[in-house]
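What follows is a pair of complexes built around chain A, which joins chain B in one and chain C in the other.
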Partner chain A sequence: MILLQLAINGVLLGGVLALSALGFNIVFGVMRVVNLAHGDFVVLAAVFAAFGFAQFGVNPLLLLPLTIVAGFAAGALIHHVLLRRLPGEVASAEASSLTLTFGLSYFLTGAGLAAFGGRFVSVPYLTGAFRVGEVSVPQARLLAFVVAVVLSLGFALLLRSTALGRAIRATSQNLDGALACGVDVDRVRTLAFAIGTAVATAAGTLMSFLYNLNAQQGVLFTVNAFAVVVIGGLGNYTGAVIGALILGLTESFASYFMGATLAEAAPYLLFILVLLFAPGGLRGRRAA
Partner chain B sequence: MSLLTVTALEAAYGDFRALHGVSFAVEAGEIVSVIGANGAGKTTALKSVMGIVRPGAGEIVFDGERIDGRAPREIVERGLALVPEGRNLFREMTVEENLLVGAHVRRVRGRAAARLGEVYARFPMLQPLRRRAAGTLSGGQQQVVAIGRALMSEPRVLLMDEPSLGLAPKTTLEIFGVVREINRAGVAVVLVEQNVVQALELAARAYVLTEGRTVMEGTAAAIRGNADVKRRFMGEV
Partner chain C sequence: MQRSRFIRTVSAAAVTPALATAVPAQAQGAPITIGASLSLTGIFADGGKYSLEGYQLWIKQQNAKGGVLGRQIALKFYDDQSEPATGVRLYERLINEDKVDIIMGPYGTAITAPAANVAERYKMPMICPETADVVMFQRGFKYIFQGLGPVQTYLYGVLQIAKDHGFKKLALIGPDTAFSHALVNAVPEVARGFGQGIVFTEFYPARASDFASVIEKVKAASPDVVLAMAFPNDAIGVLRQLKQSNYAPKMFYEAVGASDPRFVESAGKDVNGVFSVTAWDPDARTPENESFKTSYRAEFKREPDYHSASNYSSLEVLAAALKRAGSLDREKLRDAIATTHVKTLIGNWRVDPRTGIQLGYTSYILQWQNGKQVIVYPGNVAHGKPLVPFPAWSSR
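Right, the complex of A and B next:
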């Protein structure tokens, strides 16, 4: 029974990790930018949701649309003002975008600490649990999972079935091909980065149900998202969902059998295993 | 005045100057061929016309207006399209999705479904492949997808970069047949080819590029008869 319980916990966590990783993945896929500030968007949204709940009793789900819009606007602005100005050549763009998002990460951490303080907070919302036999399903986790799945499906629909989604995928699969078709690549990149941060802030709002956080915990979620995406194959969206489930299950089982501290090492361990045995990721392209 | 006129075009990648003075022109409804050795600047010339490479100097005039320095989006919007070297398909997207990206610009986006129907009517072989990932197709099939994708934007001038590259001789003939059909439908074609003999059979006029410069131009017959061209590009002594 305990195994089933752990599996359920793992899958519920995996759903929210998947949402976060999708945001990280679209930015990498379209721009080849590893967004080191990804996790900071996640925790800022989480801390903001906790603040709203504690101070004003605002239901975090009501905050969700606002967070998504704010995340989108912030992402669009950051891309337009900063990332767009990086040099065009791929090699130097990768190095300078790492430096830039690293700096951005520090800035967001500082801004978060200044605005919300350093206390660890979460949203004590729907603290009950559904019991089915001996298994219990925490309501808040279930809700976070369901909302994450709905948002991920919306994300998939956007990518699969809209002209913008096709332009985003085209740009990430073949830049010259997209240019030849007259795709406005600058605009696609701005929108992709904005969608990426909007997804991160949405995931963060849901994370506030799951974790006690302060503004300094961003790196945890950057590493989680990076690990998930590497496990699934960089740029691969189905792979990211599979990777998130694997990471969620690993964390859930590891924290029960090895303790919470060791469970925090789970993403790093998976990361190393994948790089050793399947460097392209589970669903990644084979190296040419 | 020609539909597309390129005059004294120069372009560079960083410190490497790829073009030092490329000039060519194509009239409405015409096929011209641009030939030259590897590294002569043919691909860079086409990319510069499309705005993918920013030209450093020179003039590109399409339909009476300067287009050099404009973004690829605006250039496709005006009626130019490129079938890129190596096809540059979106390999993990389906054939149909590849075609739809070809109709991304505003001028045709609202008519994408109708354009799709016309491209399938022109290339019936694509219809049964429409849900296949483009990367899983044969080289010849991929080339047809790349041509179909370019036609989705209803171009007036189609730039084709080595459409026969990597194809079997029989498939090459089929692709050249496709080029002729497209041209008969009224689309002007600039054909860059290493397959010089066949390109010169198809084209009315031709240009020879050497080391980033246009060094010769004339009717296809005159170019074909030139001793230097015969020796360098047609394997004749």
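Right, the complex of A and C next:
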């Protein structure tokens, strides 16, 4: 029974990790931008939800549409004002976008601390669990898991079978080719960053039910997202869900059998193994 | 991981210009500068902020009364970001570059322990209002003084309640921090006196966010009492995942993790039944207590917590010692602190003059009942009876 419970805990934790990594993966997949400010969007939304709940008693799920719109708008604006102005060639754009999002991360942390203070906050919502026989299924984690799977599949479907999806894939595969075919590359990239940010802020709202956070904790989500996405395959959306599940299960079982402090190293060990033996990620593209 | 550096310094005198002009004529010369490093960001930010406010409130009030030794008092503080190494550097800086007259302790055992080395090296007396650990005072140091009840007082009450109900098996969990280790290390001696045994001990990383597996292991050990030596940032997660695994031990204690009056904002209804510990009884009906709470609310727009009270009290001790020493001379001040007996907001200050370990202060056991904190131990100041056992999750 304990093994089943650990497996359920691990799968649900995987869902949480997948959800918190999805926005990061979208931005990387389409734009080849490693968004170091990703986790800051997640925690800002979480802290905002907790603030709204504590001050005004707003149900955070009601805040969700507002958070998504705000995330989308902020993402579009940041791309339009900042990222778009970086040098065009891919190689230098990767380096300079790294620096830019690093700076953005600092800015968001500082802004979050100034707006909400350093207190750790959380929303006491959906804190219970469903009981199935002897086994517990925590409600908030189940919700995060379902949302992660739906959004990941949804985004994969969008890529495969819509005109926008084709434009996005074309942009990510070959910028010049896409341009030559009349794809509005700038619009596609703006959309991708906006969608990535909106997904991050939506995830953050759900994270406020799970974790006690302050504006400085963004780096945890960025690092998690990075681990999930590298293990699953950068820019591969179903692969990221699988990567997240592997990480979640590893953490759950390793904490139980090896002890919590030692288990902290397990995801990184996995990370190194994947980089050594499957450098494209478990479901990543083979190196071109 | 270190992020933005928010180093701020504020002169308390500058914050209150209206008061500065109203000061009696005997306040002359440059202000006495007190230096401290506090955790205003990072994992200890919640408690660190309360600590700072305790210092600030006392200084503001004392300056209005004419300061100490006829001089105003200014506070110079930095944010150590909850990092011990940064704390050490900041105390070096306060002493060597800012040339403060007096240093006061930082927040938390993790930073106080290394900061104590700095105080000792420069022979600067330092009252430490934020550490219950006793080990750091057993190193033969002369210049540090404990401003909280020692770590045994954090455990005695809750284990006494457990004994009253015949509970014998204890499980200990906590973050991998200096304070948590100090508490866990102090359990065996106290528990032995009550005929209790430890059936499980495990630490989790200080920044852990998932406690499901640790809780499954605690459950498997089937203790009567679970003592989580938690801080506010992990106390929520541990409590929530306890509920999610539908596990209700007979007693559940979260040390200082659940003593913040605002804990309920993040914990919600799940808070009921949780035990915690505090160094200050906020409901004690004394004029000092009422006046402290009123001024604190007016100044900071929130309820004080025991960190506020403890830091405030430590400056009361400093003022009493300065009066006895009659000067800022470090040796005289050191001897005065070591031998001063004074009633402060949180109790009767008295330290062992040889080690600096606190002998006068005690701690109080709190329990959350109906969304409110109630002191349930010791009996002579208790405002309610402990609610035992911890209610089953299905019956709430």
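Just a few scattered comments:
Going forward, the second predicted complex is superposed on the first by the 266 of 288 C-alpha atoms of A that agree within 3 Å, B and C clash if a C-alpha of one lies under 4 Å from a C-alpha of the other, contacts with A are read in each partner's own complex, and residues count from 1 in each chain.
Here is the rule we go by: contacts are C-beta pairs under 8 Å (C-beta built on N, C-alpha and C of every residue); 3 or more make two chains touch, one makes a residue touch a chain.
Computed from a predicted model, the values in this text were never measured in an experiment.
When the shared chain is aligned, chain B comes close enough to touch A:G182, but chain C does not.
In the superposed model, A:T99 lies in contact with neither chain B nor chain C. With both complexes superposed, C is the one of chain B and chain C in contact with more chain A residues. In the superposition on chain A, A:N59 contacts neither chain B nor chain C. In the superposition on chain A, A:Y211 contacts chain C only, with no contact to chain B. Contacts of A:A129 after superposition on the shared chain: chain C is touched, whereas chain B is not. Contacts of A:A167 after superposition on the shared chain: chain B is touched, whereas chain C is not. Judged by the touch definition given at the top, the superposed model places A:G117 against chain C, while chain B stays out of reach.
Of the two partner chains placed around the shared chain by superposition, neither chain B nor chain C is touched by A:T238. Of all residues in chain A, those touching chain B in their complex are 89, 163, 166-167, 169-170, 173-174, 176-184.
Those residues of chain C that touch chain A in the shared complex are 1, 3-4, 6, 40-42, 45-46, 48-49, 176, 202-205, 207-214, 216-217, 220, 232-237, 240-241, 243-246, 262, 265-270, 393. Residues 2, 5-6, 9, 13, 50, 54, 106, 109-110, 113, 117-125, 127-129, 131, 136, 138, 141, 210-212, 214, 216, 219-220, 251-253, 255-256, 259-261, 263-264 of chain A are the ones that touch chain C when the two sit in their complex.
Contacts from chain B toward chain A in the complex involve residues 14, 50-52, 71-73, 75-77, 81-84, 87-93, 97-98, 100-102, 104-105, 109, 112, 149-150, 153.
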